[in-house]
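Below, chain A partners chain B and then partners chain C, in two separate complexes.
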Partner chain A sequence: MAVSVDEAVSAGPVPKHAPPTRRRSGRGRAIVEVALLTVLAVVMLFPVLWMIETSIKENRDVYAVPAKFFDFDVTLDHYRDVFVSSGLSVSFLNSVIVAGASTVLATVLGVPAAWAYSRFTLKAKKDQLFFILSTRFMPPVVVVIPIFLMYRYIGLIDSALGLILIYTAFNVPFTIWMMKGFVDEVPAEYEDAAMLDGYTRLQAFRKFTLPLLVPGIAATAVFALIFSWNEFVFAIFLTSSDEVRTAPPAIAGLIGGTTVDWGLVAASSVVFALPVLIFAYLVRKHLVAGVTLGAVRR
Partner chain B sequence: MGTVAAHGLRKSFGKVQALDGVTLDVPNGAFFVVLGPSGAGKTTTLRAIAGLEKLDAGSVRLDGRDATADTPAERDLAMVFQSYALYPRRTAYENIASPLRARRSSSSEIAAAVDRVASLLHIERLLQRRPAQLSGGEMQRVALARALVRSPRAFLMDEPLTNLDLKLRVEMRTELTRIHRSLGATFVYVTNDQVEALSMADQVAVLKEGKVQQVGTPTEVYERPANQWVAGFVGSPPISLLACHAEGDRLVGADGWTLPRPRWTTAEDGRALMLGLRAEDLSVEQRGDASLPGEVYGLEPLGDRTVVDVRVGTEILKVKARPTITGTPGERLQVTVDLDRAHLFDAGTGLSLSQAGR
Partner chain C sequence: MSEPVSLTTDRPGQADTPKPPAPGRSRRLTDRRLAVAFIAPALLLLLAMSVFPLLWALYLSFTDYSATRGGPANFVWFGNYTAILTSAQVHLRALTTLVYVVGAVGLQTALGFTIAYLISRRTRGRGLLTTLFLVPMMLSPVVVGLFWRFMLDAQFGVVNSMLGSLGLGQVEWLTRQRTALLSLIVVDTWQWTPFIMLIALAGLTAVPKYLYEAASIDRASEWFRFRTITLPLVWPLLLIAVLFRAIEAFRLFDLVYILTSGGPGVSTETLSFHVYKVAFLGFNTGTASAYGILMVLVVIVLTQLYLRYLNKLKED
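Let's look at the complex of A and B:
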C-alpha cells in the first residue's frame, strides 16, 4: 500500500474531521453552556412564574410597589373567583366543547383523507396536496372579515357551531399533511395481505393500518387541539355573547375596565394553560415516537 | 380446482410499461414459475392476478370464470409477499389465523387449522412470538403458514426465498416442493433465480420488460430457448454467443473461424446469425470433428467443476471442464463443439432458428 491512512482520508472532497473547538474545552465550555441556558430559561419562564405568583397573591400584594417576589400572602381566592363569581367557567366549558369537537372532526375527516392520499394514485395529487397546504399559508386574521360576512349571512355568528366549523377547516389540512407522513411510513403491504386474507379495503385499513397510526393520530390531535384551544382572532370576531365566548377572548375581556383584577386574570390564565400542558405531558411519548415498524424487510 | 389464466395484461406506471400484454395459462395443480430479471413485471403480474393492481387492459380468469373485476377477497387466493408483510402487532398465531378470522371461522376450527399448518412447517414453538422476535427464516415460515392455513384456489408467491440466506433457501426449496406435492394445489411462483425456476417448476414462463418470452417446462426453456435473450438469461454459466453467418456447408465466424453447418439450420447464406454454445456442450478435453481454435483466458474453479474461459477471436467462450484441469493464460488450445446441441439465433430479431429441425 503506497497510500497512507492520512492521505486516503484527505483524498475525499470534505474531510470528516470534527471541528477542533468541540474537543478543546471541557469545563469552560460547560460553564458557558449552563450560563446561556440559564439566561434563556429565566427570560422564557419569568412571565410564567410571574403569572403563577400573581394568581396566588393577596390583592394588596399584587399591587404592591416595589413588587413582592417572595414575602407575599398566599391565597386561592382568585381561583375560586375564576370558577364561581366571574362567569369564566362557562367560557372554559365553551373552549372544551369547541376545541374538542373541532379536533375530533378534523381527525375523523383528515385521517382517512391522508390514507387515501398516501395509498392511491389520484389525478394531480401533488397539486391537490399543495392546494390543501396553501390554506395554511396566510394567517387567519387575513380572512376573518370575509368569514365574518359569510357567517353573518348564514347565521353562524356568535355560535359554538360556527367556531367548531372554522377551526375544523383550519385543522383538516394540517391533519392531512401530518398524517400522510405517518401513513407513508406504514407499508401498504399490510393492507394488501389483509385483503388477500379476505378483508375489504376499508376493513384492511381499519383493522391493520389504523392501530399502527395511533401514535401519529395522538400527536396530530394534540397539535390540532392546541391550535383550537389557543385560537383568539376568530373567537373574538365571530362571537360576542358571554354564553358562547371561549376562554381566550373572555380572559382578554377582563382587561380594559376602569380597574383590572390582575389576580383573576392571572388565575384564569393558569387554568387556561393547564389542560394543554397536562395533555402534552400525557402524550409526550407519542409526540416523539415514530410509528412502530413491523416485520417488513425493505 | 385451481386454474389461473391471465390474458393480455397491460399496466403502466407513468411512462413505464410494466406489463405489455402478458398472457399466462396456469393449469390446475401446477407449480408455475414466472422467471425474469428485476423490473421484468413479475411482481406486477402476480399482483394483477391477486387483484391488488388495477389493469389498463386484459383479463384474469380463475377456474374459467372472469375475475377481472373481483376484489382480492372474492378471488379466493393466498399470497406470500417478498417482504412477508406480517402484521407487526400480532403474534405469529394471530398472523396465521388472520385469513380464517376474515372468513369468520369458529375458534376451534382456527386452532385446529393453525396447529396443522404449524406442524407442517415446524413452527409450533414460535406461535406466541411477534414478528419482531422472529428471524428472517422464521418470519418466512410464518408468512408461508398464513397462506397455507386455508385451501384457496391457488397460492401466489412473490420471491418468497429471496431474503433468506443460501443454506436456508436450498432447504426451503425442497420443503416448498414437498408441500406442493402433498397439497396438489396450484402454485404461481415468482422469482429471479433460475435455479429455483429450473429445480421447482412444472412450467416456467420467462418474462422480460413486461412481455412473455417463452413458456415451457424447465427442460424446454433450457434446451430450446425461444430466443437469444432467454438463452442468455437461463443457464449458469451463461451461454456463450458468437456472431457468424452461413456459407454453403460451413458456419463462418466474424473472427474468421469456421464450423460445419448444423444439419438442422434453415438460415440462408449470408444472414447474420448468433451461435449459442452452452458450457457443457463445449470441451477442451475431448477431440471432435467440430472445433474452434482459441487460447486460455482464465480459469474459474467451482469445486465440482472448473469453468475455462477461452478466447476465440474477440469473444470469450465459457467451457465446462474437470475440476482438476490446469492451464495458463495464453495457452493455445482447441475447443470441441457439440453442434447437435448448439443454438442458432437470427442476429437481428434474436429468434431461435433451431426449433424446426429437432
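Let's look at the complex of A and C:
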C-alpha cells in the first residue's frame, strides 16, 4: 500500500520534491525490511539456540515449566555422558569410518567418470547423465527393501561394508554431476596442448587437469561426507547391533525408552551437527551446486 | 624426470599400430577405451546397487513373497498392484502425502522467496545473514526431528511454554490428528525454507543491475519491476528448486519416523511410511515391492519433469 502511495507522489507533477520523499520512505521501508528479516532470522535460529542451551542445562532446568531462557544452571555433564556413559562414542566412530570410506570410494569412482563425461563424445551422453542422476532420486524406503534381501543373501546385513557400499552408490551420481561442472570449467585445450607435447591423454589428465580440479574435488567430497554422515534410512534398516550402528540411528535410539534424557539428546545432537556446520561453512561457495546434487550452478 | 621415461615407454605401444597415418584414429580408439575404463566402474556400481535392486523389487512385486515366511514366491501377477490401487488405506495415505507435499513445499517457497528477496535488497551483512539462515538445512533430519519433538512436547515443550506466557492455551502438537500433520509441515518448512531461499537468492543476485536501472529511469513502479524483471528471471530457477523439494518431500521418511511415527492413528502416515510398515512390520514383501514400484513411477515422472526444466535452464 505504502509503495503505491509513494509512487503516486513521485510520479506527481512536482519532480523537485520527489527525490527526498522517495528517500525518506525508502528508509522507512528499509527499517521494516530489516525488522522483518530479524524476526525471520530469530524464528529460524531459535530451535538451534534452544538445542545448544538445552545441552548445557542442568536436568531440572531442562524440564522446567515455564521454560527457562536465561537463568539456568550451566553444566557440561550431558557432553561428558555423550562420550563416556552413553556408548555413543562407538557410533560416532562408526559414522566417521562409514562416511569417510564411502566418500573416498565415491570420489575415486566419480571423478574419473566425470572427467570422461566432460571430455569425450559418447553415445547418448545426456541420457546417461540423466539416468545417473535419477538413481539418486529413488525413495530410500523403496530401495531398502530389495537391498535388505540382497544383503541378507550375501551376508552384508549389519556390516559397515554394506553401509559403505550403499552410501557410495548414493554419492556417485552426485559426485559425477558436481565434478562434471568443475571439469567443464577447465579448458580442454590444456590437455590438447599437453598431448601435442607428447603426453598421452591419461598423463595429460593426471598432470595438468587433475591438479586444477583439487579444490572442486575437495568441495564435492565434503558434500558427499555430509550426505553420508546425516543419512538415516539405510542405517536404521541395514544395521542393528551397537558395534556397527552409525550415529543417526544411535541418537534416535535415545528416545526409545519410557523416560527420555533430553539433555543427552541435545548434547549428542550438537556434537553430531557441529562437524557438518563447520564443513558446510568451508564449502559455502559451492552450496547451491551442492544441495541441488550438482545440477544447478551459478 | 619421469616425463621422458613415460614418453619412451609409450612409444612401443603406439608403434604397434600398423600404419603411420593412423595415429589420429588410434588415439580416438584409446580415448574410447579410456572413457569406458573411467566410466564403467561407476556405472557398474550403480547397476549393482540401484538398478538391480529395483529390478528385483519389480520381480517381487508380481509375487506373494514374504521376507519372514521364506519359501518359494508364487506369481500373483498384477494382484498386488490392483490390491494397492484399490485400497482405501492407500488412498488415505496418498491424500496425506499430497497435503503434506503441497503444504510444506508451498510454505517453503513463499517463505524462502520472501527471505531471499529481503536479503537481496540489503547491501551489507548479506553473507552473514545467508549463512545464518542456512543452518537448519544442513542438520540431519534425525536431529531436526528429535529436537522439534522436544520443543513441541505438550508438557514441557518450549513452544507451549511460550504460548502459555502469551496467555494462549496449550496445544497437543504431535498427539492430535489435525495438529500432527500441521506440525510435520511446520518442521519440514523450518528445515527446508533455507533451500528455496538459497536458490532463489542465486537467481535474484544474477539479475543484471542495469535492468533495474533502466526500469527506474522509465519510472516503472516497484510492482511492475518485480513482475516484469525479477520474477521472469528468477522463475526458472525457482521452479527447479520447487520440483526438487517436491521430490524430496514425496519420498520423505526419516522426519515422519522420528517426529510422529505416523501417528496419532494414521494421521501423519505418508506413502513412504506406509511402505515401510507394509514391508518391515507386515512383512508383505511382495505387496510392499509393488507399492514401492508405484512410488518409483511417481518419482520418475517428477524427476523427468525436473530434468527437463534443468535442461531448458542449461540451454538458455
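By definition in this document, the second predicted complex is superposed on the first by the 256 of 298 C-alpha atoms of A that agree within 3 Å, B and C clash if a C-alpha of one lies under 4 Å from a C-alpha of the other, contacts with A are read in each partner's own complex, and residues count from 1 in each chain.
The criterion applied here is as follows: a residue touches a chain if its C-beta (ideal position, glycine included) is under 8 Å from a C-beta of that chain, and two chains touch if they have at least 3 such contacts.
This is a predicted model, so every value here is computed, not measured.
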In the overlay, answer first, second, both or neither for which of chain B and chain C A:Thr200 touches. both
Going by the contact rule set out at the top, does A:Gly155 touch chain B (first), chain C (second), both, or neither? neither
Going by the touch definition up top, name the partner, chain B or chain C, that contacts more of chain A. C
Which holds for A:Glu189: it touches chain B only (first), chain C only (second), both, or neither? first
Pick one for A:Val276: touches chain B only (first), chain C only (second), both, or neither. second
Is there a shared patch on chain A that both chain B and chain C touch, and which residues make it up? 195, 198-201, 203, 292, 295-296, 298
Of all residues in chain B, those that touch chain A in their complex: 47, 50-52, 71-73, 77-79, 81-89, 98-99, 101-103, 131-132, 134, 136, 139, 146, 163
Partner chain C, residues of chain A touching it in the complex: 3-4, 7, 10-11, 33-34, 36-37, 40-41, 44-45, 47-48, 50-51, 54, 62-67, 109-110, 112-113, 115-117, 119-120, 122, 126, 128, 130, 132-135, 137-143, 145-150, 152, 165-166, 168-169, 172-173, 176, 195, 198-203, 226, 229-230, 232-233, 236-237, 248-249, 251-252, 254-255, 260, 262, 265-266, 269, 272-273, 276-277, 280-281, 284, 287-288, 291-292, 295-296, 298
Please output the residues of chain A touching chain B within their complex, sorted ascending. 187, 189-190, 192-201, 203, 208, 211-212, 292-298
Using the touch definition up top, name the residues of chain C that touch chain A in the complex. 3, 6-7, 10, 27, 30-32, 34-35, 38-39, 41-43, 45-46, 48-54, 56-57, 60, 67, 111, 114-115, 118-119, 121-122, 129, 131-143, 145-151, 155-156, 158, 161-162, 164-165, 190, 193-195, 198-199, 202-203, 206, 219, 221-223, 237, 240-241, 244, 247, 250-251, 253-254, 257-258, 272-273, 275-276, 279-280, 285, 288-289, 292-293, 295-296, 299-300, 302-303, 307, 310-311, 313
